[in-house]
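First, the structure itself, so that you have it in front of you.
Just so it is clear, A, B, C, D, E and F label the chains in written order, and each chain counts residues from 1 on its own.
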Amino acid sequence: MIRKLPGFNRLLSATLIGASVTSVAAPVDMTDRRARGEAALTQITGGPGQAVVDSLKDTAPELADWILSFAYGDVFARPGLDHCTRELATVAALTALGNAQPQLKVHIGGALNVGCTPEAVVDVILQMTVYAGFPSALNGITAAREVFAARGISVKS
Amino acid sequence: MIRKLPGFNRLLSATLIGASVTSVAAPVDMTDRRARGEAALTQITGGPGQAVVDSLKDTAPELADWILSFAYGDVFARPGLDHCTRELATVAALTALGNAQPQLKVHIGGALNVGCTPEAVVDVILQMTVYAGFPSALNGITAAREVFAARGISVKS
Amino acid sequence: MIRKLPGFNRLLSATLIGASVTSVAAPVDMTDRRARGEAALTQITGGPGQAVVDSLKDTAPELADWILSFAYGDVFARPGLDHCTRELATVAALTALGNAQPQLKVHIGGALNVGCTPEAVVDVILQMTVYAGFPSALNGITAAREVFAARGISVKS
Amino acid sequence: MIRKLPGFNRLLSATLIGASVTSVAAPVDMTDRRARGEAALTQITGGPGQAVVDSLKDTAPELADWILSFAYGDVFARPGLDHCTRELATVAALTALGNAQPQLKVHIGGALNVGCTPEAVVDVILQMTVYAGFPSALNGITAAREVFAARGISVKS
Amino acid sequence: MIRKLPGFNRLLSATLIGASVTSVAAPVDMTDRRARGEAALTQITGGPGQAVVDSLKDTAPELADWILSFAYGDVFARPGLDHCTRELATVAALTALGNAQPQLKVHIGGALNVGCTPEAVVDVILQMTVYAGFPSALNGITAAREVFAARGISVKS
Amino acid sequence: MIRKLPGFNRLLSATLIGASVTSVAAPVDMTDRRARGEAALTQITGGPGQAVVDSLKDTAPELADWILSFAYGDVFARPGLDHCTRELATVAALTALGNAQPQLKVHIGGALNVGCTPEAVVDVILQMTVYAGFPSALNGITAAREVFAARGISVKS
């Protein structure tokens, strides 16, 4: 439940500093794609993202590797966008496509994890009425309601 | 229900102030859905958006009205998100859907109009490699390149 | 812009008359978008549509408003098409998109509510084999079978 | 399996009678899937549909056969829906999918050929704002405008 | 139009021979579209495909007929591709579309039935990360895992 | 993680041998993702694929890198499927999605480059009538016809 996210690198640095001062936590090697991706996955999606990766161990371990190294290590770790904007763009796209509800829920949770407000999540989903139609937006709101309920969040927009 | 809308109000105020000082321009009545939508359309999409609306006059004037009153007057004018985030979410969704290139170009231009950097636009499109695949992202970049070229923008990401 | 809406008005009148017999029912103000939309929603989707609207009260009341005022008040209330044709076109589109099963079921029910025959509903779904492929049509038939079963309808096409 | 097809047969008879007057047009053998499909294709899509079929002769003659025998001979020839409703449902689905503009234009023309009004075509496309979003509807209207212009039709809705 | 179908005929012959040995299985009349399709359906999808066809008996018997006569009798029975390649192409398409999970599972099973290895099925699904994005591939792997589990297959790729 | 890749290495070796005869082509370092991907891209898509990569240099060089390192270096270089099957699966998926014609043409060419017959390409596209509908298949055939014509290939299926 990372609330402020001034800069991804700064956060990771903070973690490294905070973690290493008195030692203990292994520092994240940000030049290592997979290590960088694991750090991003943990920060953004938390448990549910890790559960997806773990579930692939038997059937498709390469997919787990690509999620960590490519999706999170290469793409998400790019510095051009703050994490909240990235997650809102992801929520917009998955709501519009309308064929990936499990991933939509993970990223609604991810948006909250990186500091987006529930209202911003709802707003991005509502905007999809214009670009993908009301059924997509309705199913997006249903997903949001489930994620919010599981976290005890109530939204009065 | 309208909370704070600093950027949007400020921009509108600026328009009003800039336009009214020596009078003339009718002030935008923000309680009028269509007037509010016209102001937002002008601000966000500029000429290309207006051209779309005008092109509908003969065949589908209701659609022009719905674009102004509903899409821009109701949805875009909601205060929960700043306009750049809205436009980036729109660019993400249209890139992912991949079946609306003319509208994608209008909103890439719209993102720039409301202050998003070209780099942020590119970043959001690149992120769609993960959520909608490489062909969608490639066609999104092609759209961005055309919009950037028409504005003399060069991106070195 | 609402010109004449003979069938729609007649149906509403019939409903009102049928429902009130000797008195009372408040007449629908057809110049009020939301009132007009509520009347259309009730007539077309009945309970399930109302349930969707009600479910949005907490998380996304604007979406409920847009469904009533825009989707039903502006779009569905247009007089150019009879309600059965509108519902069949909706069933066609949702079957083809294949990513909105809950809404597809609501509109299969809606088609029946406004007087389409079950056979016509099945026929429109079957036609989607040609335009969207067999899986979409199969999943459409599954949705129809569930709606028909809940109403005790049996189809022998 | 084709039971009674009164409207369809009548239309075909009318065509044959109108075309042959005193003489000889070979009667369509309605028990022959392909002959039935060719008659339906001619009636519904006219020249553009035939051009598509002809264009397949070299590369994919089976697809030409399937269009005639399956799409038009089996599916379109079913008696459960009148041809205008079928064409409007097709226009709705292709507008919503948004990835088949050439076919959308053929069927907008087809809708007109079987007696739908231009206003009904526009109305069905406009309805897709609700089910597939504004970009799909906008691109549908663009297609309609092109087909209408080529036929000298002007719509004042 | 069915020219030579060596592999397909051989497989069917093998089945017939294997099944009849001392007795009498009726030979499949390969010139009969529906008989040919039933043989292909049985060979490729086995029980689950037959269950789908049976389920349509009441609501949409024509769809059952089209699945047998057109989808399997006309399309799948074409000799240009071996059955494993056809099934892998089908798995690729359904994974990419992402809106037909029941059919995706039937064809993952079908791929195994016609001799594709589980590893090839996984590989084709993984490739969809590139063409349709990670969520589609993830949901495809989930489908594969369920089919594999039901058959006691474990994959170590 | 690249285990054995006999066919792929052989093809690359053949290319190198054929190209260099008496001299010196630098051997491809198959443990280097990007080098491996460049070799695969060259082999599979030839000039058109390289042109896409080059076109990204200014606006989105990361996307060029991801195409080489991830799409071709990680995914395509996996040994579980021969290249022709991979390309046919790609053609199937892009035909079904119907929103990426430029990429579809590149991969129809790619299928031919890695030894698929034109008939197999046509067959995979035709199969999409069943899984994604006739318009998608028609637009796929149009793409194939263009690629075949540019190479002087005529297909008589």
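Convention: a residue touches a chain if its C-beta (ideal position, glycine included) is under 8 Å from a C-beta of that chain, and two chains touch if they have at least 3 such contacts.
Source: prediction; values computed, not measured.
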Touching chain C and also chain F, the following chains = A, B, D, E
Query = Which chain is most remote from chain F in terms of Cα centres?
reply = C
Remark   = More contacting C-beta pairs: B-C or C-D? The answer is C-D
Note = For the copies chain B and chain E, the interface residues, called same if over half of the numbers are used by both and different if under half, are same
Note = Distance in whole angstrom between the CA centres of chain B and chain D is 36
Task = Quick one: report the Å distance separating chain D from chain E, using the average Cα coordinate of each chain.
result = 32
Residue numbers of chain A (touch at least two other chains) = 62, 66, 70-71, 75, 78, 94, 96-99, 103, 122, 126, 128-132, 134-136, 157
Task = Name the shape of the chain contact graph, picking from line, ring, star, complete and other.
result = complete
Key: Residues of chain F that touch chain B when the two form their complex   = 52, 55-56, 58-63, 66-67, 71, 94, 97-100, 102-103
Message = Show me the residue ranges of chain D that touch chain A in the complex, using the header's touch definition.
response = 96, 128-136
Key: Of chain E, residues touching chain F in the complex   = 70-71, 75-76, 78, 80-81, 85-86, 88-97, 103, 119-120, 122-124, 126-132, 157
Ask   = Taking the complex as given, what residues does chain F use to touch chain A?
value = 1, 62, 66, 70, 74-75, 78
Query = Of all residues in chain B, which touch chain F in the complex?
reply = 97-99, 122, 125-126, 129, 134-139, 141, 144-145, 148, 154-157
